[in-house]
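The letters A, B, C, D, E and F name the chains in turn, as written, and every chain counts its residues from 1.
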Amino acid sequence: MKERTAIIPGSFDPLTYGHVDIIRRSASLVDKLYVVVGSNSSKQALFTAEERKEHICSVLSDLENISVEIWDGLTVDFLKKVGSPLIIKGVRDSNDFYYEMEQATANKILFPEHETLLMAADPQLTFVRSSTIKEMVRFGADVSSIVPEVVNRALIEKYKQLT
Amino acid sequence: MKERTAIIPGSFDPLTYGHVDIIRRSASLVDKLYVVVGSNSSKQALFTAEERKEHICSVLSDLENISVEIWDGLTVDFLKKVGSPLIIKGVRDSNDFYYEMEQATANKILFPEHETLLMAADPQLTFVRSSTIKEMVRFGADVSSIVPEVVNRALIEKYKQLT
Amino acid sequence: MKERTAIIPGSFDPLTYGHVDIIRRSASLVDKLYVVVGSNSSKQALFTAEERKEHICSVLSDLENISVEIWDGLTVDFLKKVGSPLIIKGVRDSNDFYYEMEQATANKILFPEHETLLMAADPQLTFVRSSTIKEMVRFGADVSSIVPEVVNRALIEKYKQLT
Amino acid sequence: MKERTAIIPGSFDPLTYGHVDIIRRSASLVDKLYVVVGSNSSKQALFTAEERKEHICSVLSDLENISVEIWDGLTVDFLKKVGSPLIIKGVRDSNDFYYEMEQATANKILFPEHETLLMAADPQLTFVRSSTIKEMVRFGADVSSIVPEVVNRALIEKYKQLT
Amino acid sequence: MKERTAIIPGSFDPLTYGHVDIIRRSASLVDKLYVVVGSNSSKQALFTAEERKEHICSVLSDLENISVEIWDGLTVDFLKKVGSPLIIKGVRDSNDFYYEMEQATANKILFPEHETLLMAADPQLTFVRSSTIKEMVRFGADVSSIVPEVVNRALIEKYKQLT
Amino acid sequence: MKERTAIIPGSFDPLTYGHVDIIRRSASLVDKLYVVVGSNSSKQALFTAEERKEHICSVLSDLENISVEIWDGLTVDFLKKVGSPLIIKGVRDSNDFYYEMEQATANKILFPEHETLLMAADPQLTFVRSSTIKEMVRFGADVSSIVPEVVNRALIEKYKQLT
């Protein structure tokens, strides 16, 4: 038997209970799971990649088989670097589905030996997108039921600085 | 490291190159893969469960880590029987996606410890559904580019008997 | 101010917590809400219309402004009979949405003075369709987290009789 | 310049103003248009293929470049018979779209030299499906705004006979 | 009987016949309807919030139970301010539907006592989005069949100033 | 018989094998096909309109009945200029479909005498969007299986200049 590994790439800006659920469920299916925080410079991020990595490490510190890493590059290049054949992505609706289908096809072209598997997101936990959360916080809304406590505090702090 | 297993349930009536692709790709991701042929009595099948099992075994005889089994019951009961936590399903479009989302939710209620992962079907191989293939063969169409040779011969034989 | 009324038509075969949620939320928005149990003879129902009416009355006995009625006919004819201008329907996904869009258009043609409003179903409560529930019960699955207690007991009883 | 021809296959059971619109618009784009009435024996038709052909001929008698024909077989075999490379189909929503995508793919396999082009149906004219119209008429509803006069009279006549 | 109120939030930039239709139909279902013009500073608006309010007031001056208001903030905060439990939104297709589903979920989290009801937009009136209208006008196209006369004049005036 | 013409508008930034396939298939259905390269100034293009025209001419030099033209304006104005009644657009999934439905409706309003026909894109050739290709190249990925050789070389050259 060989070691089974997978990666979960994302921007996690901010980390939601939906992300936490997908990571927990995925971690139980493999021997080692890499959570890959994209430091994509083209999207305007609220938290730095380092802050987002800290949030994930803090909330999921009980998971022994995950490794949280920051990556600026193609997802398939991360797969090659760590020698993993598998991407796991959470999906909520058909918009997510078609987006991930296209990403998977593009990644297949770049790295035919890999696979992308989609995990149905828990609708209760993930119906609110990260972009909507940022909008909600901007207007002073309480999002403590959507994001972990550490993220909630960081969001409040961040918006205090901005205003 | 523990053994990683998964199941692929389906009716495979008939087995297509699309199914073959999903099975091959899934088999490479786990230590053992169960291909579970549903002997669902409510749907009118063209081939018997035994015939469908034979087709899969014949076409995929080179895969050493798959086990093809016939099952008449809930999918989650098969998972429990073999002690596997994972269902893999191929999906092509948003209709498939929502159907599998509902199945996954129902299965979560019945067996919370399992997961369902969706694999994007190769669009070239799987755009034609099994039901359409049966319709095509009924009118004498050549489907040898959609189904494996052994299935093609069996289809021709089957329709000869029916007419 | 005039009395605001609405109707919720459905087959409720069986009544789920999802239906219960939609009815409760709708009841709070109008002065009187009619829950209209379709006795559609073309679909093969598990429970009789009378049984389904009893389930609704039993589970929602605390709602003072609802009236549960059995109806065999066009939904718009019920609207005309009780003088209500409004249909409320729960929707979960785009399949439901397009189905209800078509029904609403057909009903507009038959009765232009009415409106159909769609209410987003709570994803947690309603992802499992009534048809799937029947399938689940048929295989002896526990659906007590999806349907009210009285319906659960009736389902178990019903399947005992059938086997 | 060669003669440009196309076919519009369908069951037209019953013919709606939506069908009439698609046929008229398609007829203006080609030199000759074949309207192909499927005499598909597996679906339970309300009108016979001959009656449906008569409805189309009657309503569209002013179109000089259409030919209405009854066909029991694969659509691609009709294309081959008349030497036409083109199927035109009306589509209303994503369900229609995916259905026609699959049909087009299946037909490409059977007859690679042909094309299928999709025409966006006028939403006002075609939101009500033929199957819904049959249901509406069964309950005595007036569908004169959805189907041509000759079809409306035939529907009323047909349901009189059935009751 | 208590007073039944609802709100219709939107940017109305510009107001279309589709918006007018949704507002009229909604106004007939409640005792009082608030039309809430978002003065969202992040989106680049063509007309100022005041201009958009004037367009709505001018076109719908015959509706006695509507109140048009400008709001810069969360929609749920407007609901709380006026004591209304209900948002009505027009939807055209599955993209709109999923967007409104997410908004409704986010709003439920912020204000659980409210409801969002979706009204199927008249496909004939609303298939062209406000953003497309702006593009059309920019190229000198006549959009008088899509927007009310007063808006049409204002659009022409606005683009004269810009060029 | 009159000459049958059509246009294929697009940004072709960059031209993919998917575009090439749609153009080839469309060219066989009409007497003359105009490929209309949009020089839309609002979108940030990678290649100039002239470069994109050159790519199309170079790759499709064997097609005798196509004419590649640059156009800055409404698509319907190009139709009027060349006297063509037909737009052909490739579509891959329901997102494309709804986008093209809205464009077709807007164009119908501007020019009722024209038609838009949708051609199902070959899923194998077109699942990767032009925007994704640009992202892939930016990270040094090999896209030679998605774009023609001449475009591939131009992409590599372009990104060399940018870095």
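The definition used in the following text is that a contact is a pair of C-beta atoms (placed from the backbone, for glycine too) under 8 Å apart; a residue touches a chain by one contact, two chains touch by 3 or more.
Small disclaimer: the values here were computed from a predicted structure and weren't measured.
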Query = Which listed pair, A-F, A-B or C-E, reproduces E-F with over half its contact pairs identical?
reply = A-F
Request  = Would you kindly say which chain has the C-alpha centre located farthest from the C-alpha centre of chain E?
outcome  = B
Longest centre-to-centre distance from chain A, chain (CA-based) = D
Task = Quote the value, from 0 to 180 degrees and to the nearest 5, of the angle by which the CA atoms of chain A must be rotated to coincide with those of chain F.
result = 120
Note = Cα centroid separation, chain D vs chain E, in Å, comes to 38
CA centroid of chain B to CA centroid of chain E, Å = 48
Request  = Let me have the rounded angstrom distance from the C-alpha centre of chain D over to the C-alpha centre of chain F, please.
outcome  = 31
Request  = Could you check chain C for residues that touch two or more other chains and list them?
outcome  = 93-95, 98, 101, 105, 127
Note = Listed in rising order, chain F residues that touch chain D in their complex are 1, 3-4, 25, 28-31, 85-86, 88, 91, 94, 97-98, 100-101, 104-105, 115-120
Remark   = Per the touch rule above, chain A residues touching chain E in the complex are 93-95, 127-129, 132, 136, 139, 141-143, 145-146
Remark   = Residue positions on chain D within touch of chain E in the complex are 93-94, 123-124, 127
Note = Listed in rising order, chain C residues that touch chain D in their complex are 73-74, 77, 94-95, 98, 101-103, 105-106, 109-110
